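If you scroll down you'll find the structure; I have some questions about it.
By letter and in written order, the chains are A, B, C, D and E; residue numbering begins at 1 in each of them.
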Amino acid sequence: GTLDEITKRGELRVAVQTQGPPFSLVGAAGERTGSSVELAELMAKEMGVKITFLDFDWDGLIPALLSGKADLLVADMTPTLARAMKVAFTKPYMYTGSTVFTKADSKFKSTEDCKAKGTKIAVLLGATGEKEAKTAFPDADIKSYKGGGPLLLDAVNNGQADCGVNDVSAVKGQSTAYPAGSFTIMPDMLSKEPLAFATRYDEQDLLTWMNLFLDQVSLDGRLQKNLDYWVNSDDWKKDH
Amino acid sequence: MLENFSFRTIVEYLPLFGQGLVTTVWLSLLSFAGALAVGIVLSAMNLQRGWLFRVPAKAYIDAVRATPLLAQLYFLYFGLPRLGIILPELVVGILALSLNSGAYVAEIIRAGILSIPRGQVEAGVASGMTYVQRMRLVILPQAFKVTIPPLLGQAIVLVKDSALLSLIAVAELTRAGQLLASDRFMPAEGFVTIAAFYLLLYYGLKGLAALSGRWLGLQPARSSI
Amino acid sequence: MIWQQLQSLAGSYPLALRGLGMTVMLSLISLVLGTLIGFGLGILRTGGNRLISGLIGAWVDLIRGTPFLVQIFLIFFILPELGIELDAFTAGIIALTNLAACFICEIVVAGIRSVPTGQVEAALASGLSRWHRMRQVVLPQAMRIVLPPLVGQYVLLIKDSSVVSAIGLTDLTRVGWLVVQRVPNGLLVFFLVGLGYFIVCYPLIMLARRLEQRMGAAHGEVQL
Amino acid sequence: MTNPSKGRTGMIEFRGVNKWFGALNVLKDITLSVEPREVVVVCGPSGSGKSTLIRCINGLETIRDGDLVVDGQRLGDPATNMTRLRTEIGFVFQSFNLYPHKTALENVTLAPIHVRKIPRAEAEKAGRELLAKVGLADKVNAYPAQLSGGQQQRVAIARCLGMRPKIMLFDEPTSALDPEMISEVLDVMVAVAEEGMTMMVVTHEMGFARKVAQRVVFMDAGAIVESGTPDEFFSHPKTDRSRAFLSKILRH
Amino acid sequence: MTNPSKGRTGMIEFRGVNKWFGALNVLKDITLSVEPREVVVVCGPSGSGKSTLIRCINGLETIRDGDLVVDGQRLGDPATNMTRLRTEIGFVFQSFNLYPHKTALENVTLAPIHVRKIPRAEAEKAGRELLAKVGLADKVNAYPAQLSGGQQQRVAIARCLGMRPKIMLFDEPTSALDPEMISEVLDVMVAVAEEGMTMMVVTHEMGFARKVAQRVVFMDAGAIVESGTPDEFFSHPKTDRSRAFLSKILRH
């Protein structure tokens, strides 16, 4: 099975997308880090092999997994049923959701305001937020961007869009690059979404192992520690 | 990815590809018209004897040729708002493509004009034509002929470059394929379909080049030596 | 704010240098290989064998007509299914070399066809073999026509090399994307990326212009 | 200030004209006067400056010093409108220089319509008559590429005549032609000369010179070496240089 | 099987040769035999097929039917090595076609070195001697662009002679030249003819034809209309077509 191969190879190949804090980013010194990245590193440690990160943009992520270049895929990816037709997702390791954010001094004060006709809403190309924004704001002018969450913030900050819709943890993590209070993040969520890792259906052994891994780390608190450090607080900013 | 290649899903997404294709086509058409306008102005500046027009034109052409379209696109998309100019994505996209391709078109037109034999210019001078008359009656009609094939070559480049506009939220052909790849996790289906559509456009333009060449009575190239 | 961003950017200069290095490396290798192969293809394309000539023509069309991103994906992700496993760097080199070769092939064909028929006939009449006709008579004269657009093409290919970031190589453009995560100022970051390309490309553009002028000098500057 | 361009002068007056290309003195102290209705043939070895001499007359080349007065107007004088003056001077090139994208008729009518502002219908009527005169009534709508060299050169002559110039300049008008076509063009040139046009013709066609020229000018290395009637020149060349030249072009 | 290429044949034998360009029958049933050491001049109006005729001989054009035997080898025969045969045939073009990127000497030595595989030193020695023979001893290292037309054509002749061919073909070798330079080239051609070379020369230079040709062949519309000694042909042309042609080229 795949696990045997990994053991023989002595290497776990993980495809990541560097879409920005807090899940996956490249630090000031060029080191790859983030919540998902550290979880993957933990996996490799438990397997007793070394880890190799394959860094793709969104277009390259799925092909990398499907073509066998990578054993698994670690990104803040929502396991939709359509996607699950093609790849095998682990059980969710955390829940998040899409939220709306605006510039602090914006005339759009609530999610409700954004429903106005012609509101320009920035979303990430291919992300679940794109879908949700389309459902939640049928009259709005949805703009899909490529290249990661920080660019959504930039677009909203520059006035190219009135509001942005993205994963709440991503928005919180990424807005730290701006002076505090630059953005208003709406308290209400458009959706509640699980996040999961992905692998192929022909890697059942790996999938089983990963699910077990997630059980273990949530039982012994290592998962919570990771999330508290990266997602639920700004602590990581001090170190990276 | 090949063994599970799903034509059914492609068919399901065809309307989306169709929309993307239409966007790509009219976007490219507008941009190309813009590129021609920019190119004509630049080449006219570039052919002046005085430095006042020539130097800025040359500087612009070089700067555009030496930097990637991506950087130019960002320059416009994020730069203009800082000057208080907020334009819709499509306008910025068309502007960026026009300004970018315009630099290449300028070079093509200049080469076309310089390829006109000296004797033609002298014949115009000798019959008492002014500079503008020579340009309009003698040089440009002949230069037009020489520039058609390279211009269509540039049009092909422009059509492909327009894919970059998906970066700033313009839903064109490449976007359709990316959606298929990210919604359904079917990258092979998505990208192969994109390629097929671009190839279609390529052959269309190539056919147009051949046709226009025949209309203008260009010599077919020698096939072998 | 801008000051803070600049400081943050300055910290990333090793990453930027690595990216620039990758861009230069990829471009250099694939341009050298692509030039060699492109000349070969160009010579075959103008040769008498219709089948070979037609096949090369079709291949060149295919490559010129499809997005480079798709080509690189096919090479990196689909070839493994046919049993050809390549690492990202090799796949990038192959894709770029192929692209360069196809564009250069077209340039070489145009150059060869620009050599006056009389020159080929003179060589034929004195009994030179095909190889000697090419080597001694046609190619040296074709170079005048080939060189300026060839150097111009190099610039385009250096810029196209940025597409390889799609298969996980960290080139200059990719560095831009990575840095923009921490310094969310697309304008500033991509201005610097553009500057990086400019430093590599501008000398080539000047070279192309110089060559063009040297070649054009023979024809005499036309006064319009 | 006296105006040197008035008074008793020829149609074309070179007075001590000098021209340099870089360090090369291509025209050396040329003094020459061509009277109205006179036909002058210019000959001499290759590179002697014949083309340069006649190209100066309509300002295709500029001179450095000396005076060149054409039709009473001094070239280089700010008061002289060159574009205007050029309409009075027809120039026939060795290599025809027809506009390849225009038919024979369009070649002939282009300048009359756009420069002389003659109405199109009138210009076309005149153009057809001119083409008939040079024997090309049936080639009115042919493009240059569809014409033989001799026919192209005749269109070029008609194109000049269409401007009703006072002066016609010819630069080796037959040397790019097949032997059989030369006579077609020479016949037209003879006809033009006999109508009383002022002409300067660079040519080595002695038959033509003998038939219509009042004067032959022999140039060498940028200077006028000899000048005389065709009979004088061809039969009794005065200088060694012209004798040597004639012996070569007459021998075969 | 009898071998048609052996037996008593001329150096160049056309037997019922036909050639088409598309629908145009450019060579019509040509039968012509050129003996070793014979000099044949070909003349005729433009487009009559003169160039095509001599281009067939070294295979620059291919024929459709009839036989063309050169130096005992039949063209189009799979057994005939064209590249080999071409080394026996020198071809001098109207427009010289010197290699512009090579010096005069390199033009002359290129084929001997690469085709005949003669050592470079030896080839250069022979090349210098040839250039001296055509009067260009001092132009050995000049590039074509630095030579006059007459000098270029002489280099082109030397280039052919360098291969020591059995046959020399000339296609209007002097018609692109200035009048003064024509005689330089004709002198060299006369010298080559007098050394006993088999030659076919497309030209309208009667002086040359009278001096060295054994035969003049007159072509019109793809066919050989008349053929005879130079004196016969120029003084007493037999057909109307040749009379009309001669009247035009002789008049001026």
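Please note the rule applied: contacts are C-beta pairs under 8 Å (C-beta built on N, C-alpha and C of every residue); 3 or more make two chains touch, one makes a residue touch a chain.
Only a predicted model underlies this, so the values are computations on that prediction, with no experimental measurement involved.
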Handout entry: Chain hops separating chain E from chain B, counting only touching neighbours
Key = 2
Handout entry: Chain labels contacting chain C and also chain D
Key = B, E
Exercise for the section: Using the touch rule from the top, point out the two chains with the most contacting C-beta pairs. Expected result: B-C
Problem - Between chain B and chain A, distance of the C-alpha-averaged centres to the nearest whole Å - result: 37
Fill in the blank from the handout: Taking each chain's mean CA coordinate, chain A and chain D are separated, in whole Å, by 82
Fill in the blank from the handout: Taking each chain's centre as the mean of its CA atoms, chain B sits from chain C at a distance in Å of 18
Fill in the blank from the handout: Cα centroid separation, chain C vs chain E, in Å, comes to 46
Exercise for the section: Would you please write down the residue numbers of chain B that are in contact with two or more other chains? Expected result: 1, 77-78, 82, 187-188
Handout entry: chain D residues counted as touching two or more neighbouring chains
Key = none
Completion exercise
Residues of chain A that touch at least two other chains are 59, 63, 66-67, 147, 154
Handout entry: Interchain contacts, given as pairs of chains that touch
Key = A-B, A-C, B-C, B-D, C-E, D-E
Completion exercise
Counting only contacts in the complex, chain B reaches chain A at residues 1, 77-78, 81-82, 86, 89, 166-169, 171, 175, 178-179, 181-188
Fill in the blank from the handout: Per the touch rule above, chain B residues touching chain D in the complex are 117, 119-120, 122-123, 125-130, 133, 137-138, 141-142, 145
Problem - Interfacial residue positions of chain C with respect to chain E in the complex - result: 116, 118-119, 121-122, 124-129, 132, 136-137, 140-141
Handout entry: List of chain D residues in touch with chain E within their complex
Key = 45-46, 148, 175, 178-183, 186, 204-208, 245, 248-249, 251-252
Exercise for the section: Going by the contact rule at the top, pick out the chain C residues touching chain B in the complex. Expected result: 46-48, 53, 61-62, 64-70, 73-74, 77-78, 81, 112-113, 115, 117, 120, 133, 138, 152, 155, 159, 162, 173, 176, 185-187, 189-191, 193-195, 197-198, 201-202, 205-206, 216, 220, 222-224
